[in-house]
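After this come two complexes, each holding chain A, first together with chain B and then together with chain C.
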Partner chain A sequence: MEKLIYLYGIIPAEENDSSPLPSLKGLDGESEVYSIPFGEIEAVVCELDAAEYGEKELEKKTNDANWLHQKAFHHHEALMKLYEKYPIIPMKFGTIYSGAESLKNTIDSHKPNMIELLDGITDKEEWIMKIYCEADKVKDAVAGHNETIETKKEEIASMSPGRQYLEKRKLNQLIDQEAEKEKQTFSEKIHDELAALSVDNEVKKNWNKDVTGRVEEMCWNSVYLLEKSAVEDFISVIKKLQEKWTESGWQIEVTGPWPSYHFAKIS
Partner chain B sequence: MANGNSPQTTAQSSSLVDVLETVLDKGVVIAGDIRVGIADVELLSIKIRLIVASVDKAKEIGMDWWETDPYLNSQAAMQEQDKLKEENQMLLERLEKLEGKMADDSRLP
Partner chain C sequence: MSQRQEFENKEVGLIDILDVVLDKGVAIKGDLILSVAGIDLVYLDLRVLISSVETLIESNKKTAEKLSSKQFDYEKEELDRVIHQS
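Coming up: the complex of A and B.
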């Protein structure tokens, strides 16, 4: 039975000529990672046993969170090692071909696109920025320095005690709403500043605390494609923002460079 | 590396989410021959975080975590608390409505 081929990504052939592939174990922990040339580009792959990684077996495996955790990180780590050496088009986890012929057909049909794409991402880096906030601090700040709320407080002070109880509860809700607005506007402002330095950017989904496992609330999640020459500026802007805002309960975190997971697209 | 010793296995949860959301959700999609169904990233992250937390804890305290893991227990306790909070909030809102109605009624001639 022919071996399956697991595709990690696509690199330019000339880069591989000048610097050999790092030695990596494949997805099954045994096979070797190697590259298959297709003219100007090369596919970085490993072989997988068809009996163990066929559709049915794979479905069983991916239902196991433990397995998926390990293998997703393997995929990412392999790509990171490659990315240290070459520009790379990173494939989504689990791109598998039934054999060499099938891989060749697919690559051939996308080749012009891939060459163009590699050219486009060569001098660029992908960075992810997340903003977390200490919700209490933001709420306190809003409660203390918000005009809408100040006015409301004054109104309440002049009310009868019976009415005050109700109005104070309503005020609390108002403070919550204003705090939500503040999180959004604060994050948007920072995003705009960073986006101005980027070639492309994308705002992503905020994850809840169950997912992040953090006490702080995620209020922004975005990714930027930067010219390599702009990275230094980007980092120094982030540093300044961190110095300025950490005290007030905003945690601005940046990770990268990542392989172009978000901006390399083939249609 | 693929033997389960990946250094990030016990890394911070934020990098866990980062990797899962990019590797499983993003990356270039060109059709492969084998269909791989991947669970929802959100659920998966929660699941993995629970597994990692329990393994860490078990190692740390050297005990049968599945019976005593304070993490799992505190999760359960938190959920319980959340339920109570929610119920409380609902009751408060109801009370508020009633009180508002009473206040309005009393102003009628």
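Coming up: the complex of A and C.
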């Protein structure tokens, strides 16, 4: 039975000629990672046993959170090692071909696109920024310094006790709404500043606390494609923002450089 | 020193793997695309898994403390005192 082929990513052929692939174990922990040349580009792959990684088996495996965790980390680590040496188009975790012929057909049909993409990402880096906020601090700040709320408070003070109770409850809801607005405006402002330094950017979805496992709330998640020459500027803006805002309950975090997971798009 | 060194290649957490590796990456159609439906759900499982391991380690540490010789000596002294008093 023919071996399955797991595809990690695509690198330029000339880069691989001048600096050989790092020695890496494949997804199953046994096979070797190697590259298959396709003219100007090369596919970095490993072989997988069809009996163990066939469709049904794979489905079973992905239902096992532990397996998924381990293998997703493996995929990422392999890509990071490759990314240290080459520009790379990173594949989505779990891209598998039934054999060499099938991989060839796919690569052939996307080749011009891939060459162009590699060219486009060579001098660029992908960085991710997340803003977490301490919701209570934001709420307190909003309750203390928001004009709409100040006016409302004054109105309430002149009301009868019975009405005051109801109106205070409404006021709390208003504070919540204003705090949400504040999170959005605050983050957008930072995003705009960073986006101005980037070649491309994308606002991603926020993950909830169950997923992040953090006390602070994620209120912004975005990714930037930067010219290598702009990275220092990007980082110093981040540092300044961190110094300025951490105390008020805003945690601005960056990770990178990542292989171009977000901006290497193949249509 | 360049400032980027402070930030680059920090340890990658669960959330990053979820956010990037499982959720993103170029998808050109493979013959088998591992479909991880409901990534959030998978990650909830993972978090539970990890925190249960952490709890296990934590409780092992506590047990280890209880079994430590220091604790043992202390208990022995206590016992001696009780015996002598009676």
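In this text, the second predicted complex is superposed on the first by the 267 of 267 C-alpha atoms of A that agree within 3 Å, B and C clash if a C-alpha of one lies under 4 Å from a C-alpha of the other, contacts with A are read in each partner's own complex, and residues count from 1 in each chain.
Rule of thumb we're sticking to: a residue touches a chain if its C-beta (ideal position, glycine included) is under 8 Å from a C-beta of that chain, and two chains touch if they have at least 3 such contacts.
Every value quoted in this text rests on a predicted model; they were computed, and no experiment measured them.
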Combined model on chain A: chain C and chain B, fit or clash: clash
Which superposed partner A:I266 touches (first chain B, second chain C, both, neither): both
Contacts of A:H75 with chain B and chain C, given as first, second, both or neither: both
Which of chain B and chain C A:T255 touches, first, second, both or neither: both
Touching partner for A:I121 - first (chain B), second (chain C), both, neither: neither
Touched partner set for A:T212, first chain B, second chain C, both or neither: both
Which superposed partner A:I96 touches (first chain B, second chain C, both, neither): both
Which superposed partner A:I131 touches (first chain B, second chain C, both, neither): neither
First (chain B), second (chain C), both or neither touched by A:L58: both
Touched partner set for A:L24, first chain B, second chain C, both or neither: first
Interface residues of chain A shared between complexes with chain B and chain C: 4, 7, 53-55, 58, 62, 65-66, 68-69, 72-73, 75-76, 89-98, 102, 106, 110, 128, 204, 207-208, 210-213, 255, 258, 261-262, 264-266
Chain A partner contacts - residues on chain B that touch it in the complex: 1-4, 6, 8-9, 13-39, 42, 44-49, 51-53, 92, 96, 99-100, 103
In the complex, chain A residues that touch chain B: 4, 7, 9, 24-29, 53-55, 58-59, 62-63, 65-66, 68-78, 89-98, 102, 106, 110, 128, 130, 162-163, 165-166, 169, 204-205, 207-208, 210-214, 253, 255, 258, 261-262, 264-266
Chain A-touching residues of chain C, taken from the complex the two chains share: 2-4, 6-10, 12, 14-22, 24-36, 40, 42-47, 49, 51
Chain A - residues contacting chain C, complex: 4, 7, 53-55, 58, 62, 65-66, 68-69, 72-73, 75-76, 80, 89-98, 102, 106, 110, 128, 204, 207-208, 210-213, 221, 231-232, 235-236, 238-239, 254-258, 261-262, 264-266
